[in-house]
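By written order: A, B and C. Residues from 1 in each chain.
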Amino acid sequence: MEFKLSEKEEAFKSEVEAFLKKELPPKWPEMSTHWPGGYGSLESTNEEAVKAAFTFRRRLAEKGWLTISWPKEFGGEEHSYMEQAIFDERVSYYRAPGMGIATGIAGPTILRFGSDENKQDWVQTIAKGEIEMWLGYSEPNSGSDLAGIQTTAVDDGDDFIINGQKIWGTIAHLADYAWLIAVTDSEAPRHRNASLFIVDNKTPGVTIRPIINILGIHSFNEVFFDNVRVPKRNMIGEKNMGFYYMMTALDFERLMVGIGGFKRLFEQFIEYVKQSEQDGSPLGKNHTVRKKLAEIAVKIEMVYIFFWRTASMLDKGLVPSVESSVLKLTATELSRALADVTMEILGPYGQLMGGSKDAQFRGMAPRGYLDCISATIGAGTSEIQRNIIAMRGLGLTKK
Amino acid sequence: MDLEFTKEQKILKSSARDFLKKECPSSVMREMKEDEKGYPEALWAKMADLGWLGVMVPEAYDGIGGNFMDLAIILEAMGEVCCPGPFFSTVVLGGLAILDAGSEEQKKLLLPKLANGDLILTLALSEPGAWYGTSVINVQAVADKDEYVINGTKLFVENAHIADYILCAARTDKGGSPDEGITLFLVDGKSKGITCTVLDTLAYDKQCEVVFDNVRVPADNIIGENGKAFSVLENLQEKAAVGKCAEMVGCIQTAFDMTVAYAKDRKQFGRPIGSFQAIQHHCANMVIDVDGARFITYQAAWKIAEGLPTSMEASMAKAWTSDASRRVTFLGHQIHGAISFCEEHDMHLYYRKAKAAEVAFGDGDYHLEKVAQQLGL
Amino acid sequence: MDFGFTKEQEAFRLEVREYIKTEMPQKWETLGYTVWEETDESWAITQEWNRKLGAKGWLALTWPEEYGGLGRSPVDQLILDEEMAAAGTPTGVETMITIGWVCPTIMLFGTDEQKKKYLPPAARGELTFCLGYSEPDAGSDLAAVSTAAVEDGDTFVVNGQKVWTSIAHRADYCWLAARTDPDAPKHKGVSMFVVDMKSPGITVRPLINILGFHSFNEVFFDNVIIPKESLVGEKNNGWYQLAIALDFERSGVGGPARMKQVIDGLVQYCKETKRNGTPLWKDKGVQQELARLAVDAEVLRLLCYRITWLQINKKTPNYEASVTKVFGSELLDRLSNVGMRILGPYSQLDRGSKWAQLHGGITRSYLNSPSMGIGGGTSEIQRSIIAMRGLGLPRK
C-alpha cells in the first residue's frame, strides 16, 4: 500500500501543470464559472470562453494529450489510467477544457469495437480535436431507465432512418455530431435491441431546440429526429450491440468527475474566508464555519482517495464498476455539500449573483447552489448509483 | 499510488483474521466482560508467540521490527471481533511512548518483555474535567531527592488494574503555558498509594479511575525529558487516534458484513428485505462509510509508517471514521430490526465498541477543529 | 387557527401539575429512563401509579364513564400526557398497549360482554394486555402471521409462536393476532383474540435486551384451548381491526415533552460543567446543537398536536401518526447522539459509576435508541405508509 505518486507520475504531473499554466489564457480562472460536479455552467457558453477553449483543445491535441489514453498505433499516448487520472485531476483543477464526448467516449469506443470503416472515418479527426460530439442517450421517457429508449433506426438500403426525440443533449448546439443510441430491433429484449450511431447535426430532419437551465444558460437541448437518414457506415461496430458498447464505455468515463475542481474551489473559498470578517471578527474564527469547512476538507480527501482507487484498479485490469459508482456518488454529493456550505457561510450575501457589486466570492456560491442540483441527477442519479452499489457490489437482489 | 496491500500485508491480515476468528469469537468478549482481568491469558501468550506484541519493536529488542501499517492491520483484525484485552494500551500507548521517547536503558529493560508478552502497560492521561487532549493536567509530581511524589486522579485509564507499569503524565512545573512542565513517568502499577477502580463502561472494556496518593517514583523512571512530555504525548495521541480508527474499521466491517448477510437472508413480504430499495440505499450508504473509513485510515497509517507528517491525515481519519462508525453500527441495528436489540445478538457489541473508539483520543468534532486549524483557519 | 388553550384546559393543566408534584413516587426518579428498562421494582411502581390514576379516572381519561373514563376530550388527554411526560411519571409500555391500543379496539369491535369484562378493570389499572403480533417470520410483514387458531366446537385451539412480546411475563391477557383461514389471502384470514395468559399450553420465554433488561419475550402456544368468546369482532377481519388500532394512537405528545426535559437537563449540565477548564455552554457547537434540538422538539410537539386536532375534529389520522413516529424516533436518536458527544468520554459510564453524568441517562438512551426506529413499525415501513397512504404514491 502506498499513498503517493511514483517519481515518473510526479514528473508527468509537473509537466501537465507547466503546460496548463503556459497554455491557458491568464484570465481563465476568472472566466470559468464552472461549479464542480455541475452541468449547467459549462465554459463553452460564453463566446470568449468558447474561443479560448477551442484554442486550448487544439494545443492539447498537438501535445497528444487529447488522446492521452489511446493506443500508440492510433496516435495516442497510451498513458496508464493513473496518469490519465493525474491529467484529469490537474486539468479539472485549473478548470481547463479537457476531454469531450468525442475524445472521451466516442474515440475509445470506436477503437475498441468499431469497424475498419468506423476507424477510418473518425479516429483521426477525433484525435486532432477537429470535431465535438454530444451525447444522445436520454429521452423524455427514458431517464434513469435508459433501456426504455424509443428512438428508432430502421434499416433502409444503404441508410438507417432515424425517428424520435432525445433530451438534455448537453451542448448539442455547439457540437458537430450526435453520439446516438437508437432501437434497431424492436422485437429484441431490452439491452439487446439498440445500436450506436454518429449523426451529423446538419443532416436534414435534425432539429435542435434549446433548453435553458436554471442558471439561465443554454446548455441543454431537445433534439428531434424526423426521418433522418444516416449512412450505414455511421453505425458503430455491430448492430444491436449499442447498450453493450455504452456500458463498456463507462470504463472510459469513470474517472471523469472533475475531481480537481472541488479542491480548487475549496482552496479559493478557504482563502476568501481567511480574508473576510463577519460582524467585526474574522470569519474563519467562527465555530460553525470552521467545523463545516473541516467537514468538507475531509470529504474532499475521501473523494480523492476513491478517485485514485478507481484509477489504480483500472491499471490492474480490474473493472471498478461499484467503486466508480462510489466515486460518482460521493463526488456529486460533495458538489451539493460544497454549495450548501458556501451558501450558509455567506449568509445573505449568498443571494448575490456575480454581477452584483456586493457579490462575494465572484458570485460562485449561488451559481453552485443552482448548478449542484444537476450533479446528483446527470449521468446516473444518486439513487441509481446506490442501486448499483447495493446490487452489483453487495449482491442484493431486485426481488 | 497503490491502494492494495503488499503480499506481506495481505498474509498478515488473513492470518490475523483466521487466528482471531478461531481464538477470539464474540463469546470471548462476552466472557471477558465479567472477568476481573478482562483478557484471556492464553490468548495473550499466543499473540506474543505470533509476534503481535512486538510488532513495532525493533529486532534488536526481540521484536519483529514491523511498521505502523502492520500494527494497523492487526488492530483492524482485532476490531473485527471486538477482541478484548490490553493490546492497545500495551502495544500502542505504552510501547510507542517508550519507543519514541524512552532511554536506551528503558528500551532494553522493557521492550523485550513487552514483545514476549511479559509486560502490560497503559497510559494515564485524562483527568476529571478533561475531555480530550492534554489541556488539563493537574496531577502533580513533586521532586523529593532522587524520587518524585505523584498525587492526583486520572480517569479512563485502560487496564490500569492489571498494568505492570502506568505511564502517567504529571505536572512537574507550572510552566509558562499548559504545554510546558508536563512529564511522563513510568509508574510501577503495584506502587504503594495507587488505587484503581474499574469503571463500568459502555463497551465492557476495563477503563479505570486511578488515584495517586503520594506515589513515589524513582527519577530514573522519567520517559523522555523532564517537563517536555507535551510533544511526546501529542505525537502519541495522533498515533493512538489512528490506531483507534483501525479498530473501528474492523468493527464496522463486521457490523456491515453481518447486516448485508442478514438483508439477503431475512424474508418479509415474500422477498429478502435486501431487495427493497430503502434497505439497499441504507446498505449503499454503509459502503461509502466503510470504504471511506478504511482508506482514510490506511492513508494516515501509511504516513505514520513512512515517517511523514500526519497531523492532518490523522485528524481527518479520526473525524470521518468516528462518525462513520456510529452511522454504520446504527444502520446495522436498523436493518436487523428487533433481533439485534437482544443481548445475545452481537450487533450491540459493535455499537458499543464503536462509541468507545469514537470518544478515545478525540471525537469527530474535536478532530474537525484540528483539521480547521491545519486549513489555516 | 388557535394555538392556545381554554381557561378550563389551562386549569386542568395546573391541576395535573399539582397532582404530580404531590403524588409522584420519589423513588421512580432513579429508576426508569426508557420503557425497556423493566424490573420488578419498576413494574410495581408503575402498577401502583396506574391504579392511582385509574381511581381518579385519569388513566383512561377520554373513555366513556361507563367504562371507567371521564369522557374528556383528546385535548385534555394531550395536556395530561404532556404534563406526565414532562415530569417523567412512572410509565411502561403496558399502558400504551392496554389503554392506547387494545381497549379502544375492543370498544369498537367487541361485544357488550367483552367491553364490560375488560374495559373497566383496564381503566382502573388492574388489567394489562400484551401484544401478540410479531412472529419470527412476521415482523414488518405483520400480515404474514402463521400462529393458527382452529375452531373446535365451542373453542379455538391456538398453536404457534410470537416474539418481541413486551411484558408477556406480566400481562393478564394477550391481544392475539392469529390465522383463522389458512386458505384466504394473507390479509383476509387473520382474527383477533383475547387470550388469558394463564391458559394451559402457553410458555413465556424471556429475551434479554441490549440494555440487559428482560422486557421482551417469546411466547409459545401449544394447543392452547380458548373459549369462542375470546374472538373479538368478526372472524377473519382481524387485519382490518389491527390497522384501525393504529388510528387510536394518542398524539404521542409525551415524546417531545420528555425530550424537552432531557434537553433542559443537558442545558443545565452545560452551565454547571467545565470541560478542559472552560464551561461547556461556551462551546458554540454545543449551543447550536442544543438549540437545534429544541427547535426540532418544538416541531415534533406541534406535529403531535395536529393528531389531537384531527381527533377532536373527528378526522381519522392517516399518515400523520407515521410522520410523528419517524420524526420522533430519529429526533430521539439525534438527541442521544448530541448528549453523548457533549458528555464525551463520560458518555461511556452507566448509572452506578461515581463518574457517570446525568445518572447515565444519556448512555441508556443511546443504547435504547436503535429500538426506536424499529418497534411499532420500522422507519422504513412508516415512510412507506407516508408515501403510499399519505401521498398516494403507487406500490408498483
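Heads up, the rule we're going with is that contacts are C-beta pairs under 8 Å (C-beta built on N, C-alpha and C of every residue); 3 or more make two chains touch, one makes a residue touch a chain.
As the structure is a prediction and not an experimental result, all values here were calculated from the model.
Enquirer: Centre to centre, using CA atoms, which chain is the farthest one from chain C?
Expert: Checked the centroid distances; the maximum from chain C is A.
Enquirer: Grab the C-alpha centre of each chain and report whichever is closest to the global C-alpha centre.
Expert: B
Enquirer: So how far apart, in whole Å, are chain B and chain C when each is placed at the average of its C-alpha atoms?
Expert: Computed value for the inter-centroid distance: 39 Å.
Enquirer: Using the average of all C-alpha atoms in each chain as its centre, how far is it in Å between chain A and chain B?
Expert: One centre to the other, that is 42 Å.
Enquirer: For chain A and chain C, let me know how many angstrom lie between their CA-based centres, rounded off.
Expert: So the centre of chain A lies 51 Å away from the centre of chain C.
Enquirer: Find every residue in chain A that makes contact with two or more other chains and list them.
Expert: Residue numbers touching two or more other chains: 291.
Enquirer: Provide the list of chain C residues touching at least two other chains, using ranges where the numbers run on.
Expert: Residues 285.
Enquirer: Which parts of chain B, given as residue numbers and ranges, touch two or more other chains?
Expert: 279, 365 - these are the residues of chain B that touch more than one other chain.
Enquirer: Mind pulling up the chain A residues that touch chain C in the complex?
Expert: That would be residues 286-288, 291 of chain A.
Enquirer: List the residues on chain C that touch chain A in their complex, please.
Expert: 283-285, 288
Enquirer: Could you please specify the touching residues of chain A with respect to chain B in the complex?
Expert: 1-6, 9, 82, 270, 273-274, 284-285, 289-291, 293-295, 297-298, 301-302, 305-306, 308-309, 311-312, 316, 322, 326, 329-330, 383, 385-387, 389-391, 393-399
Enquirer: What does chain B use to touch chain A in their complex?
Expert: 1-6, 9, 69, 260, 263-264, 271-272, 274-275, 277, 279-281, 283-285, 287-288, 291-292, 295-296, 298-299, 302-303, 313, 316, 319-320, 365, 368-372, 375-377
Enquirer: Could you please specify the touching residues of chain C with respect to chain B in the complex?
Expert: 36, 134, 137-141, 144, 163-164, 207-210, 212, 216, 274-277, 285, 333, 337, 340-341, 344-345, 347-350, 352-353, 355, 363, 366-367, 369-371, 373-375, 378-380, 383-384
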